[in-house]
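Pasting a structure below so you can have a look.
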Amino acid sequence: MNAMNFVYGFLVLVAVFIFQTTLTGINRKVTARLQKRYGARWYQQFLDIFKAMRKDSTSHGWVFDFGVIMALGGIMATVIFIPVAGFEAFPGLDNVFVISYLLAVGMLGMAMSAAGSGNPWASIGVARALTNMLAYDIPLMIVIFTMIFAFDSASVGELAAMQQGMGVLGWNAVRMPLGGIVAVIALLGMLGKKPFDSFIAPAEIASGPMVEYGGKHLGFMFILHEFMTFIEVSLILNLFFGGGATIWEYMLKYAVLYTFTTIISGVMPRFKIDQAVKYFYRVPLAMAVVQGLVVIFTGLGVKIWF
Amino acid sequence: MSIAVFLAILIILAAASFFVTAANKKAGGFATVAVSLFALAMVLSMKGSVGGEQSFMYLGFSITTVGWYFSVVMLTAYSMTSFFNPFWMKKMIYPAGYNFLYLVSMAGTIGMFFAGDFITLFIFWETVVWSSAFIIQQGKSRKASYVYYVLSAVGSMATLFAIMLAYSVSGTFVIRDAFTGLAGSPGTALVVFLAFILSGLSKMGIFPFHVWLPEAHGSAPHTFSPVLSGGLVKMGAFIAFLSVTAFPAYEIFGDMLKIMGIPAPIYFLMLLGALSIIIGTLMAIKQEDAKRLLAYSSVANGGYILIGILMLDQVGFAGGMMHLMNHALASAAAFLAIAAVAYRTGTTKMSEMGGMIHRMPVTYLVYLISIISMAGIPPMGGFVSKWLVFQGLADKGLLFIAAAAFFGSIGSFMYVFRPLSAVFLGQLFTRDKDVREVGFFMMFPMVVLTLLTLAAGVFPNIILRVVTEIQKSAGIEPVTLARNTIVTTNGFLDAFRVFIVFGFGFAIAFVLFIVRRKSRKVGLMDTYTSAEFIHTPELLHYSHSFYAPFERLYDKAPDTMNMYKKISAGIAELGGLVEAVFYGGKPAKTIFWIMAAGMVFFLAGGVFR
Amino acid sequence: MVLDEKDNRSPWEKIGDYFSANSVWMKWYCTGCGAIEMPPTMTSRFDMERLGMGPMATPRQADVLLITGYLSTKTLRRVIYSYEQMNSPRYVVGFGSCTVNGGIYYDSYATINRLDMYLPVDLYIAGCMPRPEAIMNGFAKLIDMIKKGEARGWRHYQENYEWYKKNQLDSLGEVIIKDEFHE
Amino acid sequence: MIRIASLLLILIGLYGIFSTRNIIKILIGINIMELGVNIFIITVGFVKDGLAPILSPDSLSSALNYVDPLAQALVLTSIVIGLGITALGLVFARKIHAKYGTYDLNKAGGGEDA
Amino acid sequence: MLNPVLTIAIPLGLSFLSVILKKKRGWVLLAAACANVVMLFFLEKGEVVIGGFRAPFGINLILDAYALAGMAVAGTLFLAAVLVSRDKAERFSTVLLAALAGINGMLLTGDLFNLFVFMEITAISAYLLSSAGKKPEHSFNYLVLGSVGSVFYLLGLILLYSMTGTLNMAEMSRLAGSMEPAALAVPVFLIFTGIAVEAKLIPAGGWVRGVLGNSDSLTGALFASVYSGAALFVFGRIFADVLLSEGAVQIVLILLGLLTFAFGEAAAFRQTSIRRILLYSSIGQSGLAAMLFATGLIFPAVLVIISNSVSKFVMFTTAGKITEIHGTDDYRELGGLFRGNRLIGTAFTISALSLTGIPLLFGFYAKLNVLAAYFNGRNYFLPAVILILAMVEGAYFIRLLIRLWTPGKEGEEPDAGAATKGTGLFKPVGAAVVFILSMAILAAGLLPDHAGEFISSDGGLPGGDAPSINLSLTKGGQ
């Protein structure tokens, strides 16, 4: 650990921000096209973020500010840990549990700040978001657990590297097809895309946790959202779709995966939160458990291509 | 100093504190602080004499690393909580009795952890049970104390049975020898094992014995709940530890049916642990009272500890042992924070307060950090230990248990956030406008526990080194530790670096935040309400039925307490029947039964000879 | 408002205004009948997202307060409340004749005839109702004004707060009752 | 024969206690039982054509023909004790009558069975 | 060295004397009770022949460790009872003195018929004492059952006599051992019934609820500790020493003990009246002791009897006083009673905890011995049942204790103002006695091995039974 790590880390943050924000802009266009609209400019997301950063803001006390900083800080730290095409700013810290729980710091910070605003809608939104998290995380974690057991490694980078060199057949999503489906469904939940976006329902609870944010706080939230999206998509990409041997492959796969979720989301209605829980605990959980049992007891999918 | 003398001194000091309290309540409270700190210092200094064996009359002691470790955990909880005692004395109905029992139960735990034989262990175990049962009744509920005592008794009786059974086979009570004679008879061994660990399960609040925790933790005096959750529950972990080490469970059950390499009885207990994680989590989510909520979280965390210890391997075991410390620190701190709030507001109901952060910021931070640790989020201690448990589970491929562990982990975000949001964040109630932060003396233990939690998360190896010693003494391969790194088969964790990177991210965010223009401060009531005018903070606070949609999914689930109520009603019904049948007022009834007994004797003598 | 003022913005402010102009988020205060014209403006036929515009859930997030119809004394109070909650720079767009002069309800005892007595309206979109074309046109004008730094109603409101406050109080009176059922 | 009769008496007494609620009759039942037992004891000690167990010059030669003296001693004691108990029972019976005005055990105690 | 006959003769003589000394009878009683305790220290061990005929021809008294233990318990608690309730005891001086003689006789005698006589003396005094409860119907019930029991006992005795030709216990024991066990079934039943009435065992304990449920501080203590302790000692003497049954009959005996234990605890569990809780708990403990005797485990049984007698003495005395002062003994209405009587409360608590087998109290040593004895006999079922029932016992006692200590509504902090008012349950002497007894429980519990050795002193108990577990010797992995 030396200064270069931190420089790399910073550069990763900048690069990720630019990449993901652009991609978000493009995906806004994709959504618009699905709706037969022209859509926003590809750089619209940047404009939105910078505009928000430019505006004045209101604060509801120190925890409102502190939570925002803690959220962004935690999320940025997590981003630094994500291995991108074999590159890690801090090698060896890409343990999947570390990533998934460090992600929670950001979420907790955001939740804290939102609830600290004193607006009940924010609390309702946070409550829904946490419920949503409980719903999608269990099936996903079971599949990831199976993977760790099967490959004897909990390092995201290593798990990604193991899938490379065999083309599509090497991907865990293909080796563990049920697990792959679970992962994509869970990704929709993680990203808060439809049909799992009831926690930011704008008309019902005035965008939930975001209700009191304006100005730079809102800008922070947007940046945070970009980073969070990157972490979540990267996690699924690395674990189930082989990451990328090169940065270009990685970006391409990433874009395809992310756009895919956007497209699914574009044609979906919205689940109520309890429906989301029920859904996740019915279909994906069953698939995840079946997948886990198959892999643990038969080794099918792990050894079959070896 | 020998343990017996040490314990005798503690008992004498306890008696002294009784009389001091009788003379002056506040002074008595401070006496408990002094005595418990003295005990902590003594135990800390005892690290060097590990390995010694002592006996005093019929009590036998042996100083082991694991006993030392547990004692430190326990005394940390006791000594830190004791700082609250002086301020609650005036609310106690028996302040002198409280202080006396507080110190007696503390001495009892030390004696139990350093016990060299099972009789000593049992004696001190029961001492703790009754002394704490009499403390709990001084809180909000008498029923709680009753439930606590009865469920503890279930465990104690089973353990006594196991001890005596083992004694009848091996002829000794000495912990390290008593169970070894059982290897020849797996059937007896199974009975002994299950009966012995029962007290651990009931103490840790493992399903189906978890019902006492919410009752007792929730209604014990506010100054005792931290000890209960942070300390006494860990006695169960000690029993679980003995069950797999002193009782060489993996060896004795080596020939039995194995599930993923785990002998079936142990796997079954792990499943119970998993079940308690799930039940603890689900129940914690729907509690309305902060202390009850934390109590259910103790149930869930007890599950992690049990699973970790039962794995008895390189990684998971270390995780379980470390989680015990982390949970003790975090849970004691969280309970203390709630106690501090209750001290100022007089309630622990989450829907009756809000926005305490604006009045008690330090308490808020204490609570925040402890719940972060409890939920297993870096960079706090709880993360490291949960990480170890996860790694151990992944290593063994225990899918269902791991699923429960994940459920508990994610679910804990839900329940720890609820008091955070309802009590500390949100609207400040009109009633609590003039509430102040607690004084330094009460703040001190909370801050110390918080710093310890943080230290455990950043430098976990300090604790893990002790754990490796325990692992060595238990005869298993210790977890591999490098300078700041914990190495497992599936990967490694450098908690310090994680912390630094987290700090780095935080610093960037902070800089980004302060370079932008300062925000306009507005009041809490100035929030978006669809332009509706609301002037009552209580109405603008979301705290009741926080997770209503989620709770609806399982609100019809059966309640374990009903099972106990049914058993209790069944016994009472039997009693009623007996009373009516045998103890009626008239001689005729008795004569009839005498004649019936005569028939039985006649048959016994004549027919079934 | 005052259109002939010299452009004395700093470069940073100019950049800021550029961002503001290209990302205009609105809070619709949907009174009266005007709101019905917004969905077509938003959806595929006219697609205002092209201009970087969009509806927002709360005034905290929004830049523009869009008032789509006549205001009564009761609704004005809420409009003012919402406006106060917005973050600067913030803009007010009056939509339809009602906000200009009270529209067809001009002679009612409860109708607010002139919105700019109470809030600093940057732009009126006249019509009863204005069609989406007119709306888009108005938005384009607003964007242009923001970009040039001409939409300065929020500064005007700050500078002449007493005047606005007095008008507001004259029209609405003090709020006295404070419980959950009254304002 | 007498033995069986005495056992029968015991059973009759027992039946009496068992079947009646009248205090006095219960006491009578007890007495019948005692009577039965006493007779039984005598029969145990009885030796056909036996002599009275009194040490006298005449009887020295036929020591084996004594009626068992112990049984008779027992009966004497037992009768005394039985007397005492009957007397005490009657006292209680009076007390019950004084308190409840009845000899019916079901009515005494006012229906409360404790 | 004194002749054990004196322990019977002196009280009996004083009993007649007290009829004459109307004014001073209280002092006579006290003197006799004291003398009885003092004499215990100087009694000559061994066999005493009465009337010049040696056993098995004559009547003899046997003073062994077993009898001494019984006499010590009964005598001490008798003295304590007299001390605690002197005013009440005075009225019953004559009766009590006769009872003391009877009890000592019961414990000392070596002759079955003599035992019958002493039992009847004791029983008649008990009927009289029970009438202090002002409920003659219960006394009458007791009397009827007692007479039926004594008739049965007599019948059984005579059957045995006809079979063996002796009434001497030692001789009987020798002869009965060589007999067909099945032939003993009927006499065993008859004798069992006779003793079961006094020992409160199922099926013959029907009188207990009425009598003990209405007891006062004197009678409760006497019935629950002195009488029942003596009766259980007699039970042990007969069924563990004289008539050793085996096979199905033994199983039936054990089963009856077990049923008494289980049913007693279950019935106690549902009570709300303190005295009823205690009386059913007494029944349960009697069952346990009987069960142990029937199994042949004398030492643990003696421990159980001692532990139960002392604890029940403290508790029944307190319960009786509570009823006298507060007019009720429903513990739900007595919340926080001990707040004003902390010393008595502590004594009561120690006794109750000892009964439930909390370590460092005497009850724990008793329980430990019971378990060890069973386990040594490779019996695993009975200990499990005992422990489960001990749990039930713990449950109702802790419920009682909590309520008595802590006033206030459920769900609220304790409210000192809601505590049942009233201090001074006892006069100083009574309080001292009760407290000293509870301290004795604590002391004997702290030094269990000494207590155990003391109880099984030199000669050992019948059958050579000794402590099945010696805590000091469990060190060092023997």
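We just call them A, B, C, D and E in the order they show up, numbering each chain from 1.
The definition used in the following text is that contacts are C-beta pairs under 8 Å (C-beta built on N, C-alpha and C of every residue); 3 or more make two chains touch, one makes a residue touch a chain.
Keep in mind the model is a prediction, meaning the values are calculated, not measured.
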Intersection of contact sets, chain A vs chain B, gives C
Which chain maximises the distance between its CA centroid and that of chain B?
D
Counting C-beta pairs in contact for A-C and for B-C, the higher total belongs to A-C
Compare the CA centroid of chain A with every other chain's and tell me the farthest one.
D
Any idea how many Å lie between the Cα centroids of chain C and chain D?
113
Would you mind pulling out the distance in Å between where the CA atoms of chain A average out and where those of chain D do?
96
Centre distance in Å when chain A and chain E are each reduced to the mean of their C-alpha atoms
75
In whole angstrom, how far does the Cα centroid of chain B sit from the Cα centroid of chain D?
67
Touching at least 2 other chains, the residues of chain C are 58-60, 85, 87
Name the residues of chain A that each touch 2 or more other chains.
56-58, 206, 211-212, 215
Expected list for chain B, residues touching two or more other chains, is 520, 526, 528, 584-587, 591
Those chain pairs meeting the touch criterion are A-B, A-C, B-C, B-D, B-E, D-E
Chain D contacts chain E in the complex at 10, 13-14, 17, 23, 26, 30, 33-34, 37, 40-41, 44, 70-71, 74, 77-78, 81-82, 84-85, 88-89, 92-93, 95-96, 99-100, 105, 108-109, 114
Quick check on the complex: what are the chain B residues that touch chain E?
55, 57-58, 60, 91, 93-94, 116-117, 119, 122-124, 126-127, 130, 133-134, 137-143, 145-146, 149-150, 153-154, 157-158, 160-161, 164-165, 167-168, 171-174, 177, 191, 219, 568, 571-576, 578-579, 582-587, 589-591, 593-594, 596-598, 600-606, 608-609
In the complex, chain B residues that touch chain C:
520, 526, 528, 531-536, 539
Would you tell me which residues of chain D are touching chain B in their complex?
14, 17-19, 21, 26, 105-106, 109, 113-114
Chain B contacts chain A in the complex at 260, 355, 357-358, 361, 364, 368, 372, 375-378, 383, 387, 390-391, 393-397, 399, 402-403, 406-407, 409-411, 413-414, 417, 420-421, 425-427, 489-494, 497-498, 500-510, 512-513, 516-517, 519-530, 540-543, 546-547, 549-550, 552-553
